[in-house]
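Please go over the structures that come below.
Next, two complexes with subunit A in common: one pairs it with subunit B, the other with subunit C.
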Partner chain A sequence: MPATASGGARPEEAAEAPSASTSASVCMGTRPEELAARLAAAGPAAGAGAGCVGAGAGGAEVEHERVRALREIKNQIIGNRTKKLLYLRLGAVPAVVAALASPVSSPAALVQAAAAAGSFACGVDDGARAVLDAGAVGHLTRLLAHPDEKVVDASARALRMIYQSRLAPKFDVNIGKNMDFVLSLLNSENENVTELAATIISHSCESSAEQLSLCSAGVPQKLISLFGGSMNLRDACLDSITAIIRNNRETASRFASMDHGKVFRSVVGLIHDRSPRTRLLTCLCLIALGHASPCHFQDKQIKTKLIMVLLELIEEPGQVGDEAPLALTTLIKDSLELQKQALMTNAVEKLSSHLLANPLETRRAVTILLALSELCSKLEESRSQLMSVEVSTLILEALKHDWADIRVAACSCLKNISRSPKVLSGGRLSCDTVIAPLVQLLCDSSTSVQVAALGAICNIAVNLTPWKTVLLHSGAVSQLVHLSKSMDPTLRLKSVWALRNIMFLLSPKDKDFVVKELTLSTLSSLICDSEHFVQEQTLALVHNLVDGYLESANYVIGEDGMVIDAISRQLNNASAPGVCIQGMFVLANIAAGNELSKEAVMRVILPHRTDCVKPTFVVKFLQSKDKQLRVATLWCLLNLIYPKCDASSGRVVRLQNSGVIPQVKNMINDPCLDCKLRVRMVLEHCVDNADDCFM
Partner chain B sequence: MRRHTRGFHPCGAAREKFFCFLLRTRGSETAAAVLGRQPLPRRRRPLPPQLPTMPVRVVDTATPSSQPSPGQDANPGQPSPPSCSILSAGRCFAGTQNVSSLQKDEAWKVNVRIHGCDLEQGYLCGTMEALNVPLADTPVVTFWEGEIVDAKNNTFFTGKWEASPEDDIRHWSKFPSFLPLLGQVETDGGKLMDLSNYPYIFMRWKEQYFVNVGVDCGLTIAGFYYVCFSCSDGSISGFYYDPNSSPFQKLELKCTNEKNSGFTFSSYELQ
Partner chain C sequence: MFLSRIVRHDLDSIDSLSSMASSKKVVTREEWERKLRDVKIRKEDMNRLVMNFLVTEGFVDAAEKFRVESGTQPEIDLATITERMEVKRAVQSGNVQEAIEKINDLNPTILDTNPQLYFHLQQQKLIELIRAGKISEALEFAQEELAPRGEENQTFLEEIEKTVALLVFEDVKNCPYGELLDVSQRLKTASEVNAAILTSQSHEKDPKLPSLLKMLLWTQNQLDEKAAYPRINDFTTAALEDPSI
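Up next is the complex of A and B:
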């Protein structure tokens, strides 16, 4: 198949090699406009008007002309995206599908029309949409029963290409006689047809009910039995098996135990296959199995082998090399053990050198960056290796790249590199060359880029170095404040999260700067945000504001009590433990202030109510199953009655009368050591302050 | 925090004689081995009301205890140490490190800040600042990483940094709160202990690099600290260990987040 300016034929299309044009096409017009017109003129209506095929010399001529036109169009569009789009504009697809629909089309016309329809659907969404809209699937499915084997072959191949498009309709095996149909395809003697069945399953099988039905119908066994066929068939079967076991413990478990593990071992054997695509699909199948049913895939040697195979596959050209890093990412995701294994096989070094050897504007660069990012999500050694190679410069370049996917992947890398107090303490990321482009991305036109940049800024914002002002002077704060008012809850969450981390251990002067940018009314709104994750991060921001800067409590309890009222509302109504914990730490920090602050906290936890029936939320928090909430509440109480003075004694009495201190006394044997120690401290302070108030 | 280089305190040669400690032999291993093979139920006993208490030993019948191995042969099935709200990122401690030698009494003011704490992985890190170090123009700041002894990720036996099990026992025994654990640690390194309800957290802090001065600042960070943290009040005791340094340099720190009117908190969260 000759490559074209538009990229050449995809593997699926390659089977439909252009056939030799007849001499007629030489003497007649072969320009797309002419061909489209010829096809329309020779369409079924024209053919029918001249009589049935073979009914006369005129009909035969028309049919012959149609076959020639179809063949020529097919030859021109295979592997040529530009031509496909051109013929789409000329309305060729309905004419091609009409040939499939016509009862009078000759086998030769059907073969050429099927091939053309499949090619239109291959790799071009608009083409797939046009083919589907013209009703090609129904006609091609009907033609699978055609007596001419060549028509069956061509129809099956065309349907395969259509079902490889994400736009193709799902084929639910649990509806009507669909399962029987799939099984009949699988049982066909024709490899093109069985491969079609495997493709339909890969495309359509998503729900756990479908997976179980296919498993119960013996489809995995059938697919395994087809491994002996062609390479394409085997690859399609592997892909199908992956679809059947993905994220389904039951089907994965059944598959792994099938035939006493023999089936599983036969799949494992394919990781040594000579075909790179088969090796990749085998890895994907085993990864899906390992994730769905970890107990059936514990062999460390196989996992290590998978890592090594995937690292080798990155060297392969085309889709296999592009997808191998993604498969590696899926394999090692969230697994410290596998990330260590990958590191031991020099994964960072190998991926880095591939990244440096490829241009950034490729899918491979994106997938490699994502794999490197995952490798840095847990391991300091990976982070250290990545920061020490040239790639770190490349990552910074990638932040400014035109392609959004590259920018997202680069942000992801920086987020995971900076996911470490050790790296943050080193301060290498707290410099203008890193922060400036990241802050720039907060205004990106793509929301996914904004979210990715926020992830990195969130971590880098943690203030562990003496160089604290770079981020503050970068314009980040005003951008984050702007994003905290976004309609998108993810943007709101991550921007507030970043502001919370910025506020951590910040100097009072810089805290004032952040509050001024944020404003107390925005702060109050965020505390009452519709999303409790946003509420939680906002309250954490407030407790960081007050820590180490007790005068800042005035922001919370001053201004007509706007912020403290919002906090009070949340603590009285919130159901999410995270919100309550952070809220109690805010109150604890304020209660560590002066008398005014302590009394403000007392008014929140013991409000003057007309209905004295409802107990204070503090008692509920002390009875919570969440030990962090109990601890936070105890610290707040401790601060309220600390140090020993008349005012503290008065608060002890009020806490005693409201049932809070009696509840603390009940916690003397709290199962959590931290709680138990704080309970003792509270009770000791009670004794110090008011010897006779509760003993 | 760090020792003077050999030029300042040439007392390393006398170390062996000075610390001729009589270590208990492995005689008790036999009893422990027998105990370890008992089919006892895997459960925690309730703690007596008084603190400190002995940590409850959880016998893992699947793990033979007859071969107590030194170093990092920790038991991954053991629970984590107690989560203590005072031992968390952002918390600051201040105190002194006694670096006195036979020739001279000397103590440095020391500030410590926790930068990160991952109890699940038995890891923490932070910075240590020495304020009045002789021959240093500015306060000297180092970055350190710590191992929490949790019988899961780390045991009482260091197994590296030139520390033998004998060195470990000798230093841990300096902490009164360790003494109730001594027998068990001598038996198997304490790898079968459940320290999750013990009101002290034992750690090793190893300085990794100087933050604000060069390596030629006249100090060394070759050694490490044996550290004992009190969950009750957040006080820290430690002993610096370096075979070539003044022995038993004592670190004493108190939590500074306790102000006149109470304790305050701050936190960050990484994505």
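Up next is the complex of A and C:
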């Protein structure tokens, strides 16, 4: 704050100095406030002076002063966030960009101004925004054609810094002459300029239309031909190639078969390059290729090599080592085969030992935890390997860490470890030590931490005693109920999901406890939530509630029928298939109960209406393409007409008259075996019940 | 059953190892030299290795002479070596601000993309202020320039604390963190600067020759277990020494 206060006063003081006009050098202050004022004063004066006498002594001196002020500012801000923010407040950016815009600026001034503009855009979002708002991109682009090579270098570097900011506008190659511009940059003799072209492509290329256009214009071949240049240029080119093939089967397969696979092989060759950064970028490129076009990437040897190279790269200092675990995560994601492969190359052991060797508050710890989490997503052996004493302690420590990213990563790890009840119960983690911090994270200030903690609790809740019991008595239920009323749909989804899993195979007494915490009115409103995935989870929760606990049907059909009305509304409105399936399972479970329950279900599926024109939704569900929905509906019908008794016979007649049974008869040859079996059972029961009637 | 087989197998291999150790293969000097003569190494490759060393280490005059005499083209413009060496010299003589400005003139993206290097230069600047006894200036610099870096990074904070601790002691040279005032600290920073500039110029930051020598050493150690042969013990002369049997 004091800096701002003095900043407010100083520029006025300093602004008086240049009023002694030509002797601008009198004012030599190098404090930020003075410098900003010096620059502002030198700016317009130079423009006016040069207007009348190009090389006038006064003009030259003012220009000299301007170069000095620009250089001084540049040297203060490079690498220094605090100074960048300070100069931003002092309004230095427009003055710097004005120097780039001025037609009379000397090459020396242009070089300094370009460097300063590039630095303002680096690492500070507000700086990037100010540089963009001042129109620096246009001026710097124009300066790429400047006759002085130093100006070209400086402008290309500055533009590269700007295009590395996420705030920089996308450069759509399909608009106007943009493609010609990118191609002209790529064809430049100046490596700074070609590297700029690669940076622009990496930053901007997102849509498949752009990827295709770049491919058709021969850009990948051009980028490959630049591999012969400097190491930094080659890295930038690799990154652009990745951008062109990412998630695009067409461009990826064109790239893979380009020049009879020669191009592809030249990328594969770089996997053993001496530069660690190049190795990482090569891995990322090949991973993108494999994901976009799996058929061009079936060579198991290359995949194994990728895993090994990435595990080695984790030992590299800096960004490369930080990002390597993330690349590994992307590579093995959802692939059982590659996860096995990674386990065989001792991935869990290597990652764990790096994790233990690094302090927790580093990006590396976060990315390593995420990679370990992925490794534990499918393989039991990875999970048990990971659960050494040291790592378990570290994960617990990470749960309580100040840094949100590390808390998220630790939760993600726990989530995947707890997919295995065996590791969880036999492992080093005792439920008391894990659950308390996890439940605490439900009130975290960061939503992403809450979501991650919910993920872990969801999986832990599936486990039976002692985990479930501890969870129930940890205060988790009331927290989950609280989160189920959140504004954030993801939080609602995950909290209801966790409650659903807690409800799974719970004792009647504990089920009553959960319902009491949740209340029937919250339950009804969650069934009618605005998001269908929340509706689906809520109905699954009700499904688990009534499963194996017949008395609990009273929660659904009793209390003015609040819950069953909500279910009825969703089924009649023909919501998403998942919602209908869960809804029908709930009805099927209730229909397994006493007469009262069966009749309540009948009222939902065959409401008394004045007009009987509209067919019941049950017929529609039986005609659905979704076999699960058909099975759920058939189960419900089966429970309604079972066991053989008068009431059941009456229901058969009503179902017959409303067109439900005739629809079931149509399904005698249902392609799904499960459906076919249930259809037969329903029809047999109909016959049994009918026999009763006529006897 | 399976287990016992493995154990037996292991015993076998240990047996064969010990029997080998007692009868190491002996290679005579003549035989060794004849084999060495059969290995053809291109003169140009040797020259490039030397040039790589001179360029990376920054021996610009030697590199220039070597270029003229051997006709080997250096991997980068020799002028950039001069600039790099000026920066290195500035750090070595304690003129950190001058070094920072020169780096920014060379390539303004280096310090913006290497926060650690920037921090070490700032730290070096503080060390130089303390060395020069400019206590109030040092305190002001630590507060205004270094403290914000410590807020961004825990490791930096610890290093700042160590450096500022120098101010507490009367006899700084002998205080716990006195090594920060050593010439070696300047050299460390200087070599970090050198590496960053080389990387920005797409040049490898370490010369190839030392790693080749390390490889030679490793290979000889491996070979010692299997054979007696004329070893190179003195790397400065590379003289072969007769095998000791």
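Please note the rule applied: the second predicted complex is superposed on the first by the 624 of 695 C-alpha atoms of A that agree within 3 Å, B and C clash if a C-alpha of one lies under 4 Å from a C-alpha of the other, contacts with A are read in each partner's own complex, and residues count from 1 in each chain.
Keep this in mind: contacts are C-beta pairs under 8 Å (C-beta built on N, C-alpha and C of every residue); 3 or more make two chains touch, one makes a residue touch a chain.
Here the structure is a predicted model, which means the values were calculated and not measured.
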item	value
Simultaneous placement of subunit C and subunit B on subunit A, clash or fit	fit
Partner chain in contact with A:Gly127 - subunit B first, subunit C second, else both or neither	neither
Which superposed partner A:Arg81 touches (first subunit B, second subunit C, both, neither)	second
Touched partner set for A:Pro437, first subunit B, second subunit C, both or neither	neither
Between subunit B and subunit C, more extensive residue contact with subunit A	B
Touching partner for A:Leu505 - first (subunit B), second (subunit C), both, neither	first
First (subunit B), second (subunit C), both or neither touched by A:Asn459	first
Distance of closest approach, subunit C and subunit B, by C-alpha atoms in Å	13
Intersection of subunit A interface sets (partners subunit B, subunit C)	none
Of all residues in subunit A, those that touch subunit B in their complex	415, 418-422, 424-426, 455, 458-459, 462, 464, 466, 494, 497, 500-501, 503-505, 540, 543-544, 546-548, 550, 585, 588-589, 591-594, 598, 627, 631-632, 635, 638-640, 642-643, 669, 672-674, 677-678, 680-681
Touch list for subunit C against partner subunit A, complex	100-101, 104, 107-109, 111-116, 118, 145, 148, 152, 154-155, 200-204
Footprint of subunit C on subunit A - complex, ascending	71, 74-75, 78-82, 115, 118-119, 122-123, 154, 157, 160-161, 230-233, 274-275, 318, 359, 361
Subunit A-touching residues of subunit B, taken from the complex the two chains share	49, 51, 82-85, 89-90, 115-116, 125, 127, 143, 145, 196-199, 211-212, 231-232, 257, 259-271
